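Listed below are the structures to be examined.
The two complexes that follow have chain A in common; it is paired with chain B in the first and with chain C in the second.
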Partner chain A sequence: MSQNPYIDVLINTILTVLFIIIASFGLGTLARTIAKWVGASKRKQENTFAGYLFAAPWIVGFLIFVVIPLGYSLYWSFTDYRVTDNAPPNWIGLSNYAQLINDAGFRSSIVNTLFLTAVGLPLMIGLALFLAVLLNQKTRGEHIFRMAFYLPVILGFNTAVLLSWRLMLNTGTGIINQLIRAFSNAFPPFSYLNRAVIFVQEIISALFLGISSGKFNLLNRVWDAGLPAANRVPMWVESPLWTKMSVIMLMAWGCGAMMLIFLAGLNNIPRELHDAADVDGANGWQHFWKISFPLLTPYVFYNLIVGMIACLQIFEPIYVLYRDNQPLVPSAISMVYYLWQTSFRNFEIGYGSAISWLILFMILTVTAIQFMIQKRWVNYELY
Partner chain B sequence: MGTAWHIIKRIMLYIFLTGATVVMCFPLFWMISSSLKTLQETNSPGILLVPTHPTLAAYIEIFQNSDFLRAYFNSVFYTTLALIGTLFSVAVVAYAFSRIKWPGRNIVFFLMLSTMMIPSQALLVPQYVFFNKLHWIGSFNPIVIPGFFAGGAAMIFLLRQSMTQIPIELDESAFMDGANHLQIFWEIILPLVKAPLAIVATFLFVGLWNSLLAPLIYLQTVSLYTLPVYVSTLYNINSSVQPWPTIMTAAVLTTVPLMIVFFIAQRYILEGVVISGLKG
Partner chain C sequence: MRTKLLTLLLLVSVLVTGCATATTQAPATEAPVVPTEVVATEEPVVLTEVPPTEVPPTEPPPAEPVTLKIYLLDYTPDTITWLKEEINPAFEAAHPGTTVEITEGSWSGWDTTFAGFFAAGEGPDIINLGSEMNTLYGPSLADMDPYLAEAAWPDIVNFGPALENAKYEGKLRGLPIFTAPRYVFCRSDLAVGTLPPMSFADWVTFAKENTIIDPDTNSLTQQALVPVDALSMADWQWWLLVYYSIGGTLYKADGTPNFDSPEALATTQFMLDMRQATYGPATDAVGGLPTGQGSVIDVNDETNANNGAVCLAHSGWAAPAFDRPVWENISIEPFYGDSENFPNSKPVVLAFNDWLAVADYSPNKELAAEWLKVAFTKEANHKWNETMSLIPSRNDAQYGYVTDSPQLKLEAELASQYGVGFAGIAEAAKLSTIMQEALGKLITEELTPEDVITQIQEQYSAALGK
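Up next, the complex of A and B:
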């Protein structure tokens, strides 16, 4: 193996390409032999060979990087395997799973992730739909607006962008709180609105923190304190009551991808339906709820599924904003963050495998439930 | 419903859309603005939209930081290599799923679509052990090599949808002329799906460039760090004073390639080429 990391990866890349080519021809030839054996026509044999030859990179990759790893991790989840000591894994049955049920860290990571999904995702979808409906009114400079709203998707959860948010969210000197203070001073009704929002947000967060820790004294404290003082500002990334709300704000900021999907959906609605409603004297509100929204439900469903899978896997914002920040960790960590900490900091592979399987199981269950209840509300009339 | 009311509604719409644009772009603006400030300015209370005395000190500092420059090179290097491999293998597999009829195609295609539901993190632990056995931890191999196996079911699906729309007669007449599948793929199909290919390349680039978790786990040493991993180390979570101008300068330089790629590809992405393929 070469000492230079760049040459090393280049050599391995060439070896990989050779391996893929050989494996592809092997798989193709095998498929052709089987086709010949079952007595397929010459043309069909050739197609079988070509099909498996071209699909082989994915098939081989699927076996090496998905099927075999999933099998191994299922096995390890029943063992005490640790990658650091060279001891072979010992079978310990369901101990890992039993331990997970009583693991306070894991429980809070689940509650936090569910909070982000339950509060953040509807907010994202709602905002995306709202922006799409506004942009659908054929405005001038629509392209510029589309670009601006899609930009956060490209920047995404890049560490650099997350740190820019971290700077803006500083409680004392951050620009967001400075603006809130300035508006509150200049315009008293805004101050009351701000304090009311802070109060409601803190009550909700305290309730969820209570659920994840089993102790509700924080909720009582927030409730007894009542409406916050006039000079209060949100403590975005510095209080356990705000950690998740900051992440939700970041998620809502990136709603542009969903917005594009909704715009495509709005474009597909036949103009005649709206014209007919105009004849009946429908107002804008009725146009939206009686025509657009029912026909958009397939797109809402698509965004819901894709968004949910993404929400349940959230990692980057938690890592960049809250890593090692002890007082905040229980209120902020996500399931994948907990998986990372267990597996790649403590190298408890057996325990980490059990977490992986629980995450996988949860995502599959939630997706399956969504597919089951979609019949009740998704409208496929147009399609 | 008078015209006056209509005009007022229009004006309110534009005001709102402009406001939303400002909010959406603000983090980027703030990043650039803060990178030109001094440390005192970034840590002082008060609203300072643009620095009073813009300074390039942070830029000069970061261009002398060899760790940052190496992280930049590492990011460009690994992204390029993984992008080429992934793009090519994804196109090859999409061809198999759209232009060739072979027994078992539907089953394999269904399997491929169902992998979209498996979170990559669930595979992280066993893959780590596998790469550890190969002595690949602490090298670029684990973040480059898997891409060559057509990683990314959504991307295969996208390209497959575009390739399916090309009339099959093209292939048949080429077969008459004695062409084989490799020639048809390279000379006929690929040139016809340039726009979807550009979109897939953009998505892959953004995904690779922003990727944090896999590089964080596999690279291990500072000399191999990619930009997201290195930039995250600039921010020390337990320190009360952060070198904000430096961090924001690194952030600006990290986002520049993203911006360039976005400006080149935005025409294709925003006009819904992708989405029309996703429909149905």
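Up next, the complex of A and C:
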């Protein structure tokens, strides 16, 4: 290219546009030729050409930006390739996959991811459903509430959000613990409840950390210490026993997208069904469990699938909360964080590619199982 | 109609592609920055085959326009303005046809960005690296000895010990900008007991006497020593500083890791003792200092309350600004180790630095070296660091604001006297991960100090293939 950056950009843009046009015509022509070979009518051939011509820009982009990198990633997963070594990938067969089986760090990341999925996803779905039911009522300012609950999805995990959460989760002065202290002082039974919740949470976390590391002395210590002291509050971003719960809080905070899906589902339920239930004397609880929830199951299933995939790929909240607090990372590290660490901190692209393919395989398996089980509980009668 | 349109498009694309190819090939044959090794591989026979009469004597061709790309991380607006308004115009004037382009990035996410550059084999000519990254990126960085070693640039002898961090396999890969050692800053008006603590036992006693826990919030309101990571007090860089101070070395004579040494065990035990002397046992679940504004060792102007630290083991940039009144009560010391138990103990300040490296994929290595020479003259290195109040890496650039400020002067003296480099760590990123994981489990008492060093030794040995 020329050394003038502006001319470079211009030439690149023109070439890109031309490439897309030519590739689109090429793909359309190929589709028409195939249609001709299979004996399609003249009109069908023209329709095929037009269809593929207009779909081609996306198909070409998909091939270049998804399929080709996917192919490279698959190839690299069988190689020893370190991007900073200034050397080409070296074919090592299945060694990367074999190494993964014995990799304690990766095993630990699987356990953490399962914890986050098993605890975080039901919480997210439950909270989203609860908010959707609340916002489905005709109340004043419902649009403001909807916007407020959806806002976290738009905000994402930027620096301002990170700082806000860190301030809110500070053990001594954070607003969340200040509220817990205030409630505990005002209502002594709440204090006992708080301490019991802390104890149970720490026992569960210590158990999972023990499973990750293969040593259970932390669990024994937490158990031996017994019910926490009266002044105890959660150690959100300060203790390995609380790192995963903090991540789950951030996950739950971002449940706005699920809430919108549920809201759409609730609006789709015919009013007559509720009117008929009213005639039969059903109360609110029965309305929900006998009418709304069964008819919402396709939406629950959708959120479950999408949420499960998102949870198994969780990265951002952990990166946001703990990237500056490295000693806490191992207690919260997820599979994708481990993948990022391997690929972009250690620059082991070959090993990282193997991890990514294993994660893909796990996600596909879990999703396939969900699709097989859904026939037993998802109700499609309305649709 | 469609056939005509297609033909037209095809012709246009062939024309444009042809033009682009022509412009791509031109600089490869004419640019003055063609790597010397390419010339070296050319067969001399080819030269003799060209009839000399066919090349008429002409004026040397005008230099091809070149863009020198520089990627900097988290520099102050003052620094960037100075580079853009003074250094780059001066360089561009001396190198007609050259444009210098500075891209500003951040230490947050730099590794992903740099991985992209190296994977693509294309990116900025000059990149900003940290101390320990010479071993990580070394194979992908250009050998700059032909341009920057003493034979080519006599000024290189003026650089201090930070220059070692800019080398890989003994060859220069770039130049260091500043040196930012880690000192121990202590508030004499807050401290109970003698300052500075001179042994591990003194430090543990000091931590017990100078830490205050608020029983209402079960959190610290005063922390005797705030090291790099105030919460865990077991950051790997802090561990290395303590380890070096008692004479520890990272590798044995045969190159295997030395984490199974008595010094490593003592350092790890010290980490745990300090953490427990400050926060109590892990099950007490004491919270850390409140997150606040400004230096943790400073005083809040509005409330007149202390920000919480009695001592701070950190780089100068984490200390209060030099014009703050609190400096009347702040001492600056190295970390003294533990000569009572380890006779090889020595005062240590761990010296970090930023440096600019030239990527091996850069087609403009010579030009990059020229830019570095302009940006790293005595005056330029001084000015660059003045915009950040840091210590210049060139010894002869440590004048003016450095010697005028009592704090910076003392810091520079301590750095030259007790500075220990933070470079040459093989597989630094992996060691960091391995150590953080083990040390994280130390503070929760999930692992004992013996377990920790055993785990680090095993995992780091495996990472090095030893």
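Criterion: the second predicted complex is superposed on the first by the 345 of 383 C-alpha atoms of A that agree within 3 Å, B and C clash if a C-alpha of one lies under 4 Å from a C-alpha of the other, contacts with A are read in each partner's own complex, and residues count from 1 in each chain.
Everything below uses one rule, namely that a residue touches a chain if its C-beta (ideal position, glycine included) is under 8 Å from a C-beta of that chain, and two chains touch if they have at least 3 such contacts.
Bear in mind the structure is a predicted one, so any value in this text is a computation, not a measurement.
Visitor: Clash or fit: chain B against chain C, after overlaying the two structures on chain A?
Guide: Here chain B and chain C cannot both sit on chain A without a clash.
Visitor: Per the contact definition in the header, classify A:I21: touching chain B only (first), chain C only (second), both, or neither.
Guide: second
Visitor: I'd like to know which partner A:F301 touches here: chain B for first, chain C for second, both or neither.
Guide: neither
Visitor: With the two complexes superposed on chain A, say which partner A:Q341 touches: chain B (first), chain C (second), both, or neither.
Guide: second
Visitor: Regarding the shared-chain residue A:I349, is it in contact with chain B (first), chain C (second), both, or neither?
Guide: Touch status of A:I349: both partners.
Visitor: Between chain C and chain B, which one touches more residues of chain A when both complexes sit on the common chain A?
Guide: B
Visitor: Of the partners chain B and chain C, which touch A:F106 in the superposed model: first, second, both, neither?
Guide: In the superposition, A:F106 contacts neither chain B nor chain C.
Visitor: Looking at A:R323 after the superposition, I want to know if it touches chain B, chain C, both of them or none. Which is it: first, second, both, neither?
Guide: Both partners, chain B and chain C.
Visitor: I'd like to know which partner A:R146 touches here: chain B for first, chain C for second, both or neither.
Guide: The answer is first: A:R146 touches chain B but not chain C.
Visitor: Which partner chains sit in contact with A:F115 here, chain B, chain C, both or neither? Use first/second/both/neither.
Guide: After superposing on A, A:F115 lies clear of both chain B and chain C.
Visitor: In the superposed arrangement, which partner chain does A:N158 touch: chain B (first), chain C (second), both, or neither?
Guide: In the superposition, A:N158 touches chain B alone.
Visitor: Select, from 58-66, 94-102, 112-120 or 364-372, the region of chain C that bumps into chain B once both structures are placed on the shared chain.
Guide: In the superposed model, chain C runs into chain B at 112-120.
Visitor: Could you pull out which residues of chain A sit against chain B in one structure and against chain C in the other?
Guide: Residues 1, 5, 83, 166-167, 172-173, 323, 325, 340, 343-344, 349 of chain A touch both chain B and chain C.
Visitor: If we count contacts the way the header does, which residues on chain B are in touch with chain A in the complex?
Guide: Listed in rising order, the residues of chain B that touch chain A are 13-14, 16-17, 20-21, 24-28, 30-31, 34, 42-47, 77-78, 81, 85, 89, 92-93, 95-97, 100-105, 108, 111-112, 115-130, 132, 135, 139-141, 144-146, 148-151, 156, 181, 185, 206, 209-210, 212-213, 216-217, 223-224, 227-229, 231-232, 234-235, 237-238, 242, 244, 247-248, 250-252, 254-255, 258-259, 261-262, 266, 269-270, 272, 275-276, 278-280.
Visitor: Would you pull the chain C residues touching chain A in the complex into a rising list?
Guide: So the residues of chain C in touch with chain A come to 6, 9-10, 12-13, 16-17, 19-20, 23-24, 27, 64-67, 97, 99, 101, 108, 111-112, 115, 118-119, 136-140, 214-221, 229, 231-232, 234-236, 282-283, 285, 287-291, 360, 427, 429-430, 432-433, 436-437, 439-441, 443-447.
Visitor: In the complex, go through chain A and note every residue touching chain B.
Guide: 1, 5-6, 8-10, 12-13, 16-17, 20, 31, 35, 44, 47-48, 50-55, 57-62, 64-66, 68-70, 72-73, 76, 83, 131, 134-135, 137, 139, 143-152, 154-161, 163-168, 172-173, 175, 178-179, 182, 253, 256, 260-261, 263-264, 267-268, 302, 309, 312-313, 315-316, 319-320, 322-325, 336, 339-340, 343-344, 349, 352-353, 356-357, 359-360, 363-364, 367, 383
Visitor: Mind pulling up the chain A residues that touch chain C in the complex?
Guide: Touching chain C from chain A are residues 1-5, 7, 11, 14-15, 18-19, 21-22, 25, 83-87, 105, 166-167, 170-173, 177, 181, 209, 213, 215, 217-218, 221-222, 225, 228-229, 231-233, 235, 238-241, 323, 325-331, 340-341, 343-347, 349.
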